[in-house]
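The two complexes that follow have subunit A in common; it is paired with subunit B in the first and with subunit C in the second.
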Partner chain A sequence: MTSVIHDIGYRHYDGKRLGRAYAVRSLFTHNLRAAYGLGRPVKAKIMPFLLCAIMLMPAAISVAVTAIAAQVGAGRDVQLIRYSAYAVYLQPLIAIFLAAQAPVIASRDLRFHVTPLYFSRPLSRLDYVLAKYGAFTTALFILLATPVTILYIGALVTKQKHIGTHTVHWLAAVAGCLLFALVLAGLGLVVAAFTPRRGFGVTAVMAVYLLSTTAVAAVQGIAENQTQFTVAQWAGMFAPFNLVDGVQVWALRAKQSAPEPPPSGIGGPVFTLLCAALIVGCVAILYLRFRKAGAK
Partner chain B sequence: MSIIATRGLSMRFPGVLALDQLTIDIEPGVVGLVGANGAGKSTLIKILLGLLEPTSGQAQVLGFDTARDTMRIRELVGYMPEHDCLPPDVSATEFIVHVARISGLPPTAARERAADTLRHVGLYEERYRPIGGYSTGMRQRVKLAQALVHDPKLVFLDEPTNGLDPAGRDEMLALVRRIGGQFGISVLVTSHLLGELERVADHLVIIDGGRLLRSQAVSAFTQVSGVLAVEVEEEMDRLGEHLARTGLQVRPDGRLLLIDIADESTYDVVRDSVADLGLALVRMENRRHRIEEVFS
Partner chain C sequence: MNPVIASITFRAMLSKRRILLLFLLPALLLMLSIGLRASGHADLDNATMLLTQFGLGALLPLLALLAGTGVIGPEIDDGQIMYIMTKPIARPVISTTKYVVSVVLVVAFGVVPMFVAGVIMTGMTAGLATGFALGALVAGVAYCALFLAIAVLSRFAVTIGLIYALVWENLIARYAPGAKTLSIRQWGISVADMVTNATAVKADVASSTAVPLLIVVTVAGVAYAGWKLRTLSVTGTD
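So, the complex of A and B:
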């Protein structure tokens, strides 16, 4: 055998090339990981994981308290946090996660002009937007549905009565979590996509949440004072959490958790339609935004 | 077969005509696209990638129509944009693996190709550190790596030497030459510096104000000029006077004497004169045109 030192040199790639669906999946995974700071320095992981941990705490405590109560024979007086109410109760935390992480998904590629590298590959702009939207929705869904599921597991473990009803409520709440995730991800990404500068995105997303929620609360307060209850109920659709809770109440038969339920009659359908319009509208706006950015 | 062919390509932006009826045919190899800033180089590349839609005219890349077969073209080409386009908080390895997957490479192949490609462009241990801490030269290498990682048939390199110091320029140009030679990948490389491309390109396309000025092989630009350059160790002036007396057109140029070649006998006259005067001949060569002279 002769001994030759091999300079491998340039090797061409003649292996498999997977198509567009694989590219979209890869982009989805990359963004889902990015939403939790994975594949990035430790600094990027702190915020999402800290918020996740805090999100889980009320659920864990609720389960623990219920278990202890059952042991001391006070099980009937203590109940688990309602599944469908969890997101509404913890909305400030969710809003912080949204504000902190939406810019990671929607602003960074714009701020650092990375988009041409994507759009010069076999990936359409709609693919790109849907992968990002899907990834961030999934990230939020994990944040919301995990504690709700812990509550349900707690219900099973502590052998709550009417476990069938628990199962139905839990499933409805998981559907509600998905709807929360879709609406919030859409709003967060749209705001962040228009504020690519560092720090601006976080502030802008937080501002949109706080302003809408506060303004709606003010209108609802005034309307109630004037006994204009229907006005107060309609006003709810302009605050994201109240809007989605309205859909939970109407379409998923949940008990109301937001300040106001949707108005009776056409209220529920209108809230649901508005949710759907928001989701489609956000995708459309993101598409237009990135179409413009990619051509630069 | 042409790798790039355009027919009457025009691109009008509000207030400016970036490309004006551009018709070119480009053969495989290293092709330099030269023009002043704003001549339409980047616009042309973006049209070829399907990132911009031309106002009128057609273009083909590797035999595919840019309007109809955009995705097919993007699978086969790589693109290195002119400006910075890298996210700062991921490592070069992480980023190159990611874009390889977006180009359709399966996970294992993406990792292998990323490692190979980064080595080929000259990034070693630093590839595990976040890109934010890289020098301009290292960033340019990462940008080049992302254009090559999927083993394209053709790469568009938009001003790859931008912002580099002289040593960095030389290294980048040597890399461009290797891509066209050893790697066997056709290259369309732009620069506003003619002298740079003269060193690496086989063919030059020169555009100005969106119009084609000239398209021909580099050898055609630098063909024999009919001038003989002679260098002697000392007493250049004596040789000059001697030659002038024989009726030749002689002019000094630094350490060289430039002599217009009248016919074949000119060489003999010069040789004999040097011998008669007992001078030491350093060199005697046919002068070639430099590309710059073509435009002066």
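So, the complex of A and C:
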């Protein structure tokens, strides 16, 4: 009996062991709350809730304008913002939320070298990464899907025509929001996990989004000037929002919201495959990053 | 100016991961401009598009954000600024030194690459490269001053700076053109427009408005940072 050597007479814990599932669940809720600054000082809540409020504003205004227009009888001409276009139109705000909150999830444990404390629990590395990824994806999904749902409720309340089509489009848009959340959360967490220093992670995540998006926009603009439309369409897959919008267009039958649709033919499947590869790749990189994180 | 503070700040800014990003940003611009040149599409219109959209619209604000907040933000966060502030050096000297460092970084990694990219694409035609280099310089100087002031003011400097650069200068300016009057990017384009005679460069703000505003923002930003640093309270980090 080896345990005897260490038994110096303290009382043993003989309560219930909550186990791995409980640890994963706790980590998930903790990180989901942390993404919105809940359970932290007021200062940490300002940014996420401010961005959330700004995200909701266009949807609320759109519903209000439609409702007023319906009252004065101009309802034919005024339409709600398209559900699947919402994330693409407001992408700067979503990107700021992503950049501001990804380091909160991914960098803090690294910065303060506390990962060994997590891994001394019945929690595997993969559990840890998946719990964080899931939590951040959920946080982003809440940010994206809430305004879209407000628009849909607005459509119901103002008694829009073709409510069946509205429902289908809304469901497709919510699926699109989930895809946006999955891709963006993956990218954000990977970049933030490699830049643990405070403030720097925010800039790094932003750099990845802003540079890819503006570079693609510039290439697309130039390619269109030269009437090379296929080049312009293929270029879309190098920017996250254009990529996911391409998948929305192909897989979810949405109208295109990014400047260019995916190329016809194999374009849609390629965009979708790339999306899937991106999500899996991000989880794999995060796993590798956190596998040795406790070493230093 | 204090050479010791300057050298410490430089060393902190050029640490291994930061420098990767600092090189990556202009490298992308140069790659795109070489690609344009190689594929034979490097006319004045396309060069202007690339330099305005990518150069002034993304590269410069990002670099200035990285440099302007990076020179002082992390030190305030982890409390290291105390070791400098307890030395007999006037606080405005500290902030001004850090400001100069950030401007030097923006010039080295932003303005010079913009000029080189301009030359690669159009040579010296119509003074496009010179115009954009000058526009980028004045915009970079103003951005750095603004972001330094925000960095001293708030712990969320990077996010606030991003909201200004992205939401105000991009999103709101697109739908409400009046917002362009208070946009450093537009002031930079205005200065570029003054220098170059390429018709592709179109400024939305008159240079008689842009130049005074640039000076006001720069002076006010640096002065505010120096003044605020005198009464800085270092609170806990997260």
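By definition in this document, the second predicted complex is superposed on the first by the 281 of 296 C-alpha atoms of A that agree within 3 Å, B and C clash if a C-alpha of one lies under 4 Å from a C-alpha of the other, contacts with A are read in each partner's own complex, and residues count from 1 in each chain.
Operating definition for what follows: a contact is a pair of C-beta atoms (placed from the backbone, for glycine too) under 8 Å apart; a residue touches a chain by one contact, two chains touch by 3 or more.
Since this is a predicted model, take the numbers as computed values, not measurements.
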- After lining up the shared chain so the two structures overlap, which partner does A:108 touch, if you call subunit B first and subunit C second: first, second, both or neither? both
- With the two complexes superposed on chain A, say which partner A:23 touches: subunit B (first), subunit C (second), both, or neither. first
- Message: Per the contact definition in the header, classify A:40: touching subunit B only (first), subunit C only (second), both, or neither.
- Response: both
- Task: Pick one for A:116: touches subunit B only (first), subunit C only (second), both, or neither.
- Result: first
- Message: Between subunit B and subunit C, whom does A:140 touch in the aligned arrangement: first, second, both, or neither?
- Response: neither
- Regarding the shared-chain residue A:129, is it in contact with subunit B (first), subunit C (second), both, or neither? neither
- Query: Just subunit B (first), just subunit C (second), both, or neither: which does A:11 touch?
  - Reply: first
- Task: Look at A:189 in the shared chain and tell me whether it touches subunit B only, subunit C only, both, or neither; answer first, second, both or neither.
- Result: neither
- Message: Once chain A of both complexes is superposed, is A:244 in touch with subunit B (first), subunit C (second), both, or neither?
- Response: neither
- Message: On subunit A, which stretch or stretches are contacted by subunit B in one complex as well as by subunit C in the other?
- Response: 40, 44, 108
- Message: Per the contact definition, I'd like the list of subunit A residues that touch subunit C in the complex.
- Response: 40, 43-44, 46-47, 54, 90, 92-93, 95-96, 99-100, 108, 194-195, 197-200, 202-204, 206-207, 210-211, 213-215, 217-219, 221-222, 225-226
- In the complex, the residues of subunit B that touch subunit A are 46, 49, 51-52, 71-72, 74-75, 77, 79, 81, 83-90, 94, 98-99, 101-106, 109, 113, 116, 120, 130, 146, 150-151, 178, 182-184
- Per the touch rule, the subunit C residues reaching subunit A in their complex are 17-18, 21, 24-25, 28, 32, 36, 41, 45-46, 49-50, 53-54, 57-59, 62, 65-66, 69-70, 73-74, 77-78, 155-159, 162-163, 166-167, 170-171, 237-238
- Item | subunit A residues within the subunit B interface of the complex | 9-13, 15-20, 22-23, 26-27, 30, 39-41, 44, 108-109, 112-114, 116-124, 294-295
